[in-house]
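In the two complexes below, chain A is the common chain; its partner is chain B in one and chain C in the other.
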Partner chain A sequence: MRIVVFVKQVPAVSELPWDAKTGQLRREAAEGMMDPAAKRALEAALRLKDAHGAQVIVISMGPPSAEETLREAVAMGADRGFLLCDPRLAGADTLATSYTLARAVGALSPDFDLILLGCHSADSETGQVGPHLAEELGLPAAAYVEKMALKGRKLTVERVSDGWLETLEMDLPALLTVTARAFRPRPVPMTGLEQAFGQGEVFILSAADLRADPEHVGWAGSAGRIIKIYAPAAQKKGELIQGTPKACVRELMARFGDRLGGLLAKDLSGEEQA
Partner chain B sequence: MEFNPCMKHKVVRGAAREFAEGELGPIAAEIDHQARFPWEAIEKMGALGYFGLQAPRRMGGAGLDSISYAITIEEIARVSAGVALCVTVHNSVCLYPLLNYGDKEQIARLAEDLITGRRIGAFCLTEANAGSDAGAVETTATAVEDGYLINGTKIFVTNGGVCGLAHIFAKTDPPDPRSAAVLMVEKERPGFSVGEIEDLSGMRANPVSSLFLEDCLVPRENMLGKPGQGLKIGLAALDVGRLGVAAQALGIAQAALEAGTRYAKERQQFNKPIASFQTIQNYLADMATQTDAARLLLYRACAQKDAGKPFATEASMAKLYCSAAAREVANLAVQIHGGCGYSREYDVERYYRDAKVTEIYEGTSEVQRMVIARGVLSRPS
Partner chain C sequence: MNQERAIWVVGDYRNYFQNRVTLQLLAKAGELAAKMDGTVCAVVMGHGVEEWVGEYQAHGAQRIYVMDHPLLSEYLPGLFARALESLARQRRPEIILIGATSFGKELAARAASRLGTGLTADCVDLYLDQEGRFVQVAPAYGGNLLAEIVFPRHRPQMATVRPGAFAEMPHDASARAEIIRLDPPAGLSGDGVRLVSCRRLGYQGEDLENAKVVICGGRGLGSRKKFKNLHELARLLGGEVGATRPVVHADWAEEERLVGQAGKHIKPRLLFSLGVSGAIQHTAGIADPEFTIAVNKNPLAVMMQKADVAIKADAHQVALALIRELKARGSS
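Our next item is the complex of A and B:
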C-alpha cells in the first residue's frame, strides 16, 4: 500500500505575523512547526502502516525551512520526504496549490492508494486544498475524518458533518482530510532523529521537476487576490445567566438549542423533557 | 563562527519540547509536591530513546551529538528539572562510562537494559567523608575468590531509590587513593540495599537516597576498567556529567525567564502592567542576558566535545555559569512574582528550589573554579 501525506509548516505562534502590504504571512518572522492537523494525517498514515504495512511518503510545499517538518515526519516513521521548494511556487492560493500538489503526486507516487491531508491548516484555515486536490486527481474524497478502518481495498471512515457523524465506505484509491482532534500523534522518538537527517531521506524539488505549467503555479497561477487583511478586534463579552438551575438550563437551551447537545453528543432536549 | 542552530538541532528541540510539555507538563508540579518518581512517564521515555541519547544507533541508542544531548536535557528541565536530573545522570555518568570504559562482554551484558531504560543508572561517589575530595572514599572492595566483596555507604545518590545499576566507587587497597575502582552493581545482588528517600528542598521528583553495601559480592567481570582506574573513569564521566547539569540549569533558567516575563506582562499595579516599570525591565534584561550567555557557553563546550577536542575546562565553565544563572534568574523570577512567587501554587517557587542544587552536585561551584583555574594555569603563556 502506498500512502501520500501532505504536510505544511506553519508558524509556531498564536499571533501570526502578516505583511500588511502583500497580505501574506511573514513566515520568516516565526519558528515553524508541523501543522497540527497535518501531523494527525501523518499519524493516521503511520497507524495504517503499523497495522497493514505501507510505504508512507510525505510531501510539503514551502520555503527551505519546511525541510524541518519533513525530517520530523521521517523521524516519526515516514519513509521519505519531498519538499517542493521554488520561488515560482511562492504566493500560491488554494487553486494553484492544489494544481501543484496534484503534479507532485503524478511525479512522485502515481500508483498511490491513499492521500491524506489535515482538514485545514492552522495558519490560513481555508479547508479547500484537500477537496480541491481530490477534484484535480478525480478521486473520491471525505473531509473531516476522525476514524478509519481498512479492509482489503475498502476504507470505512467516520467523518464529522455539522455536528453529525457520518460513516462512509469508499474504495481505494481515495483522498481523506482529517480533523485536528482525531489520531493523536505519536511523540517523535529520539531514536529516529539521526536517521531522519541521513542522506536519501528528504529530496528538494523545483517546479520544473514537476513539469508544472508555470502559468498555473505560485502567484501567477492564483485566481484569488487578498485585497485587505487585518486582525479581528477582540470582542469577548461575558453575560451572566441567573436564576434556579432549571431556569438557567432552560435559558441556555432556548439560546443555543441542540448546539449544546452537539458538543456533548447527547440529545439534551429529550433529557429535559424526561 | 555559527551562532544559529542547525536544522537538526531545531528538530531535536521541537521533539523534546513537545514531549516534555505534553507528557511532563501536566504532572511536573504534582511530582514535585508529592516527591513522586513518575514511572509512567519514564517508561514512555525509555521507549522513545531518552535513556540512550548518545548511545550508538546500532545498539538501539539515539546516537545524538552533544549539542543535541544538551538541548534535550534543557527542554526536559524547562518543564521538570527532577526528571531531567534522572535522565542526565543515567546517560552521562552511568551509561557513558560503561560504553567508553567497559569491555565487549560488559557492554553486551549491561548496555541494552540501560539504553532502553529498563534499568535506571546511578553513579555513587559521595560518602559521609568524601565528595569534593573524591580520593577519600571509604567504601572498600576486597578481592575474594569469586570477585570483590563491597562494603560501605553511599549518600545523596541521584536515582538511588529506583536504580537498577549503580557504579560504586570503592578502594581495593584502602586507604591508598590510587586503588580506587568502579564496580557496577545490579540492584538484585545480595548485600545491596536502598536507604530512605531524602527529603530534599528541590529536585523532589528524583528519589535521591543512600545506598548500603554490606558484604555485597560482585564478580570480577563487573569492574569497569582496572583497579586503580576509578578516579580517572569517575572524573572523565563527571566532565560529561557537567554538560548535562549545565543543560539542566539552563532549562530551569529558561523556564524562570519565560514565567517572569509572562507574569510581568499580566500583573497590574498602579493601573499598568508591572513590565512597564524600569526596575522590572532591568530584572528581565539581566535574566535574558544571563540565560543567553549560559546557553552560548554550554553549546561551545558541547561543540568542543563533538569536535574531539579537550573540553573539561569549558564544561566546568558552562556548569559554573549555567548553575549560577539558574539560581539568579529563578531568584529574580520569584521577585517579579512577589508574594505569589513564594507560593507553591506558582512554578517559579519550584524553579527557585531546583536551581540551587545545580551549584552543588556533580562538582560544587568551588570545585569547578579549581578545574577552570587548573586549565587556565596550564595554558602556555
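Our next item is the complex of A and C:
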C-alpha cells in the first residue's frame, strides 16, 4: 500500500506550542513547526503502516526551512520526504496549490492508494486544499475525519460535520483530511531525529521537476488578487477603567450597574431583596 | 440569459434552525443585487426540500432553483458539488455564495475545482466597489489581518461566508419567488463515497449559541483552575461560558465552548471577555453584542478596543472580585 501525506510547516504562533501543564509557551518550537492537523494525518498514515504495512511518503510545498518538517516526518516513520520548493510556486491560492500538489502526486507516487492531509492548517488555512485536491485527482474523499478502518480495499471513516456524526465508506484509492483532534501523534524519537538530519531521505524539487504548467502554479495560477490588506479596525470608543481589580469592579458597578442590570434583567443595586 | 447577473446562494438547510447563514446570505445578496441590477437566486438540492424552498422564498430569494430528487437524498458534498456544477455551467451565475459551515466549505471547494474557478474562504464582508468589482473581505495571515480580494478573470466568483457576518431579513410570508424545478444531471452520482449512517450529536453548545449573556475566557486567565471560576461567574450572571482556542487546546474548557470561526457563533446581549486578545477568528464568532466588557492587562488588545468598557487589570483577579461583588449584591 502506498500512502501520500501532505504536511505543511506553519509558523509556531503564540498559541499552539503551548504546554498545558506549565502554562508556558514552548519557545524551542518558536520558528516553524509541522502543522498540528498535518501531523495527525501523518500519524494516521503511520498507524496504517504499522497495521498493514505501507510505504509512506510525505510531501510539503514551502520555503527551504520546511525541510526540517519533512525530516521530522521521516524521524516519525515516514519513508521519504519531498519538498516542493521554488519561487514560482510562491503566492499560490488554494486552487494553484491543489494543482501543484496533484502534479506532485502524479510525479512522485502515481500508483498511490491513499492521500492524507490535515483538514485546516493552523496558520491561514481555509480547509479548501483537501477537497480541491480530491477533485483534481478525481477521488472519493471525506474531510474532518476522526476515525478510520481499512478492510481489504474498503475504507470506513467517521467524521463530525456541523454537529452530525457520519460514517462513510469508500474504496481505495481515496483522499481524507483529518482534524487536529484525532490520531494523537507519537513522539519523535531523538535518535530518529538525529538520523533523519544526518542522512534522511529528503529530496527537493522544483516546479520544472513536476512538469507543472507555469500558468497554473503560484501567484500566476491563482484566481484571487489582493487589492488591499490591513489590520481590522477596532470599532468602538469605549471607556477605560484601571486600578486594583476590586476598585475596577466597584467602578464598573457604580457607572454601569444600571445598564448591566437592565441587560441581565436583574437588580444589581445591592438593595435588600424582598 | 447570460446577460443576467445572478447571485446564487446555496441552501445549506441541514441545521436550519441552528444555523441561519443561508438566510443571512440571501439578505446580503439582495443588497448586492440591487447595486448591480442582478437577481438573488437560491439553489436548493436534496430530496423532500419543499419546506426550505418556502423558507428561502420568505427570506429574500427572487428565484429558486430546486433539484428535488431521490438521487440527492444523501447530504454529501461530493454529490452536491456535481449537481451544483452542472447547474452553474448551464445558467452561468456571476457569484456563488455558500455559508462557511463544515459542509458548505467542503461543498464549495469541490464545486470551485470542478468549475475551475477561485474561491475565497471565510469571508467576513462582501461589497461592490466603485468600479463595480465584487470585493471579498477575508482574514489573512493567521487572522491578524484582513485582505480584500477580487477575481479579475475567473467566473463564477465563489466565496464561503462566516455565519453571523450579516443579518437575515425578517420572514415575509407574502413574498413570492420564481420557482424553477430541475432534474439532476443525467446519471448523477457522487464521488464514490457512501453514507453508511449519520446521526445528530447531542449537546453541541446550543445553550451557548443562544445565551443572552456570555462570559468568554482566554489564555490571559492563566490556568485551568483559574478558568473554572468563570463557571461561577456565569451562574451568578445567568450566562454561559465560552472559550478561545488556546483555552480549548490546553484543555481548560471543552471543545463545545470554543467561540469563533472554528467553534460556536454566539449572539449575546452582554459579553464579558476576560484575558482574550480578540483575534479575528475568535471575534468572527461573536455577533454584535449590545454591551461588551473586556478585561485585559494590555489596553491595546483588539478586544479592549472593541469593548464598551475596557478594564485594564488581571483577568483572574477581576473575575474573583466580580464574583464577590455580585454575591454581595444578592445575586446568588
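Assume the second predicted complex is superposed on the first by the 207 of 274 C-alpha atoms of A that agree within 3 Å, B and C clash if a C-alpha of one lies under 4 Å from a C-alpha of the other, contacts with A are read in each partner's own complex, and residues count from 1 in each chain.
Quick note on the criterion: a residue touches a chain if its C-beta (ideal position, glycine included) is under 8 Å from a C-beta of that chain, and two chains touch if they have at least 3 such contacts.
Values in this document were obtained by computation on a predicted structure and should not be read as measured data.
In the superposition on chain A, contact is made by A:Leu95 with chain C only, not with chain B. Shared-chain residue A:His52: touches no atom of chain B or chain C.
In the superposition on chain A, A:Glu194 makes contact with chain B only, not with chain C. Touch criterion met: A:Asp171 reaches chain C, while chain B stays clear of it.
The partner of chain A that touches more of its residues, comparing chain B with chain C, is C. Once chain A of one complex is fitted onto chain A of the other, the partner contacts of A:Lys228 are limited to chain C, with no touch recorded for chain B.
Overlap of the chain B and chain C interfaces on chain A: none, as no residue is touched by both.
Residue ranges of chain A in contact with chain B, taken from their complex: 31, 33, 67-68, 71-72, 75, 187-197. Across the complex, chain A meets chain C through its residues 11, 13, 15-16, 18, 20, 23, 93-95, 98, 120, 122-124, 126-132, 134-136, 139-144, 156, 160-171, 174, 181, 222-232, 234-236, 238-246, 248-250, 252-253, 256, 259-260, 263-264, 266, 268-270, 272-273. Against chain A, the residues of chain C that register as touching in their complex are 14-15, 18-19, 77-78, 81, 101-103, 105-106, 108-110, 112-114, 117-122, 135-136, 139-154, 190-201, 204, 212-213, 219, 222-224, 237-238, 245-246, 249-251, 255, 262, 269-270, 280, 290-295, 299, 302, 304-314, 317-318, 320-322, 324-326, 328-331. Of all the residues in chain B, the ones that touch chain A in their complex are 7-8, 10-12, 14-16, 18-19, 22-23, 44, 47-50, 52-53, 57, 60-64, 68, 72.
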